[in-house]
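Since the structure comes first, as structure tokens, the remarks are kept for the end.
Chain lettering (A, B, C and D) follows the sequence in which the chains are written, and residue indices restart at 1 in each chain.
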Amino acid sequence: MLRRALDGGGVYLVLAGLLALVPLVNSDAYFVHILTLSLMHSALASSWNLICGYTGLFSFGHQAFFGLGAYVSSLMAMKAGLSPWLGLVVGGGVAAAAGFVIALPCLRLRAPPYIAIATLGFAEICRFTAMNLVGLTRGELGLWGIPEMTPVPVPGVGQVSFTGQRVPYFYLMLAIYVAMMALLYWLVRSPLGLALKSVRDSEDAAESLGVDIVRTKILIFVLSSFLAGVVGAFYAHYVLILTPSSVLSVGVMIEIVAMTLIGGLGTFLGPTVGAFGITLLLEYMRVLGDYRLLIYGALLIAIILFIPEGIAKRLLPRRVAL
Amino acid sequence: MSPGLVVEQIFNGLVSGAIYALMASGLSLIWGTLKMLNFAHGEFYMLGGFGVYFALLLGGLPPLVAVPVAMLGAAVVGMLLERLVIHPLLDKPGWDVSPIIATLGASILLQNLALHLWGERFKNIPYYIEGGVNLFGIRMAWQRVLIVAVTVVVIVVVVAALRRSRWGMALRATAQDRDAAVLAGIDVYAVYLWTLGLTAALAALAAAMLAPIYSINPWMGTALLLKAFIVCVLGGLGSLEGAILGGVLLGTTESLTVLLWSSEWKDVVAFVLLILVLWVRPAGLMGTREW
Amino acid sequence: MRLLLSRGELLGLIGPNGAGKTTLFNVIAGVYRPDEGNVVFQGRDITRLRPHARCRLGLARTFQLTKPFLGLGVLENVTLGAYYGAKGGRPGLGEARDRAEDVLRRVGLGGKRDHLASTLTVGERKRLELARAVATQPSVLLLDEVVAGLSSAEVGEMMEIIRSIWASGVTILMVEHVMRAVMGISQRIVVLHQGQVLAGGTPATVASNPDVVSAYLGSASALAAPTAGA
Amino acid sequence: MLDVRGLDVLYGDVQVVWDLSFTVDAGEIVTLLGANGAGKSTTLKTISGLLRPRRGHILFDGVSLETVPPDRIVGMGVLQVPEGRRLWPGMTVLENLRLGAYPKGARGEEGASLEAVFSLFPVLAERRGQLAGTLSGGEQQMLAIGRALMARPRLLMLDEPSLGLAPKVIERIFEVIQDVSRRGVTVLLVEQNAHLALSVANRAYILETGHLVRAGAGSELLADADVRRAYLGV
């Protein structure tokens, strides 16, 4: 009975339920903020894990889609008065369109280093564009005055306001995270999930068995970019200030890579484990905080040398980890 | 727009092109022999900058000594990187990706180590040669002339060494066919080690030459590394001639963009060029492994 | 060069190293485009079709160096073929899985269905490779050195499996180095030498053909003979 | 000189050599025969140290080679001319040859070795400035052999030297092999062309799918039914 529930994804629902209870126990604003950030990193890393861990495409420009989602949603809200709620979707949509564009040159590239350079180049184009369009984005001075999420009625609770509040944002992020993980859970178990992993393990064999690898790659670029864009839009309406270097720089990508790798590339919960681990570690050990980038560097080397498969596969039973 | 201005800009493009070529030829040598991207290459450049700063101002050495000292220091770091980080990953599954992540880690580590050790204040060093020359109304600072001259000489020397010396031939042989090199008695692991040392020294040289014009700081390598990647792809990864050609091409393209459009958008133009080349001709202009 | 494969045949393609077998195989499978000439499958020119489309038309293949999806289970490996590669329309996932299980039993891997492909032995990987291709329900099956690297006992088992697949109505073209295997099972043999068809016929006639013997063993006469190409 | 005992080798994860034992004595020409896929090339690669055996020993003059780095094996005088020549196509003929003298023991005699190779293959002297990739198949094979000779080998292992060559050229290559042998170099020859190989070899071993099936003197194997079976399966 229990086993069956675990297999059916019940374990994830239980985990999500436990997370949902946390702010009721400890509603300290800083603590809730850290949890929100952890969830956001989990979602972002999971969206990259879909393209790199499951499909084997070594994209190194995921920050572009995160940043695009953030800037598009903010600017639409500020200049066109678009509701931030719609912004989440529109931000994701624009990121998805960008994912489609960058997928095209990547289709011809089979060597991971080439794909890494192409996607990184695209992300740099986005960063410089955001820096240069000063009239629109204020460049490195930062885009501020981004509207918060508008109040929303929740059954049983009444009208929920986001202004100056941490807890509602936490629940919103949790909802995004759960929805996204549900989608991924279904996806990696669907035939499409099989196709993704077959492209990762051997493109030649996948193609010979009827998988249209061109379509599959484009689809996964688009989907993964969409998810990153949604997370980016959330980030914008949460921290309320954006600079090109905070959302579009290689540093964002490095965090994603470090978190995913330490958790376990290509495992379902790996990015979440890594994101929570690193976020909590760096926020709560202030001493370490000063050295956070130093630690990222050392971590990347240590992981690749000593535990290339990540810790999720070691700590969790195979069924959960995969 | 006066013709003098155009020529001056093209000359400036050659200066940055020379630096790009030094950096990119290192990346290309590593790609040729080891088939990996070195994301820590920008940090060799950064270490070269600090190396020359300390040798010059604290050690009181003349430039002619300080620059080789900085190159040597970077070479040692490069060889340590090969032995400690890259060597353990060789011949293991995941070689497509593992060195990218490992050298990226090393890059962040070195960058932040430099930040903690030497602080974030930008450091400057004086021109090696003051003044300039006025040729038909075109001003050229001696320092810039020196950059182009030194780069040309060094690249000629490196190419000659690769062509003629036993060591250089062993390196080319390893790049062209590793198994054949092994069967000829070449210790390819030693070749890898020396390749990292050489390329680190070339990057340090680039920094030492450019340091009097730009300032020295822990992040100085990052932007240049990305440019060097563009140059490599333009020229064809693994091709030394391609790296040189690509460097000059990118340098002048950027200068002309500045002249005709704006300096802010030159980087965007460069990266758009990268993606177009990858799309249309992934092998680059000289996408062979013959060098 | 012209090679005709008739419905229901089991054709063995042999030849010394460098004879062009692999190139020909890859052209048929869609990995290479030929410089000239066409590949016609059931009356349809498929020269420009990508491999996945050929598979869906009923032309399946195996790889000489097996390419299992190492991160997937054995059953998942085969289900992928049954689902995406199916000739005609795409089946439901359940149906694909049933078909995969059936094929796994036929190649003797039924007991391994839940194992990760990376845990299989070489012989098992070869059979997995075969099972994946068969699960796409091909009308023509291309086998690339399917017994290379197997022990003698495993070669025998594999030959039985191939014979039973053929008996179920699948046309088979096999490129093979292991003579004992290919001579023992093929209906017809085509010998390639230096990119051309040197001989064709039943295994017995081919083996006693003096041209074939000299192509394989070399001989004093072969030294003097004005063979094409150098 | 060379003593191989109970060798098991896996290529990737395919076992291609099973419990193989054979010897080569100083001054001999020994040939390994078998259809392609029989494990001959793999055996040579294992002796050279490119592959490591799962089990078994390789003794060269009594020294165990299984853990010696491949460049040191070459330094000991064990040279392989690999299948498909494996030249450095972007380097000139002269550069290919000069690099052949890379092992420390051979560097000092580079000039003399070069003269010897040029006298053996005059065509290489004519084409010394040409890129190796632009040579004809026969010239490439000569260059590959010449390159190995530059290292002053004691044991020369040739992998399919006749592959893809015209009969006239093959004849020339085999004359050279005998010539090299007469100069005191021990030869281990892997060939598909059994008639040719057996005509120059003192002894031969026949492999079938990685197993040793027959051993004997060259001439007597020529007429043997087992040889035909190993190649043609009948």
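Some observations on this one:
We adopt the following convention: a residue touches a chain if its C-beta (ideal position, glycine included) is under 8 Å from a C-beta of that chain, and two chains touch if they have at least 3 such contacts.
In this text the structure is predicted, and so the values were computed from the model without any measurement.
Relative to chain A, the chain whose mean Cα position lies farthest away is D. One simple way to say how far apart two chains are is to compare their mean CA positions; for chain A and chain B this gives 33 Å. Taking the mean of the C-alpha atoms as each chain's centre, chain A and chain C sit 43 Å apart.
Rounded to whole angstrom units, the spacing between the C-alpha centres of chain A and chain D is 55. Note on chain placement: the centre of chain B and the centre of chain D lie 42 Å apart, centres being C-alpha means. Taken chain by chain, the contacts form a single closed ring in which each chain touches exactly two others.
Remark: the chains found to touch one another pair up as A-B, A-C, B-D, C-D. On the side of chain B, the complex with chain A involves touching residues 31, 36-37, 85, 88-89, 94, 96-98, 100-102, 104-113, 116, 222, 226, 229-230, 233, 237, 264-265, 267-268, 271-272, 274-275, 278-279, 282.
Within the complex, the chain C residues that touch chain A are 29, 31, 50-53, 55-56, 60-61, 63, 67-72, 76, 79-81, 83-86, 93, 96, 132-133, 136. Contacts from chain A toward chain C in the complex involve residues 190-191, 194-195, 197-198, 200-202, 204-213, 266.
Against chain B, in their complex, chain D makes its touches with residues 48-50, 69-71, 74-75, 79-80, 82, 86-91, 95, 98-100, 102-103, 107, 147, 151.
Taken in their complex, chain B has these residues touching chain D: 166, 169-170, 172-173, 176-177, 179-188, 288-291.
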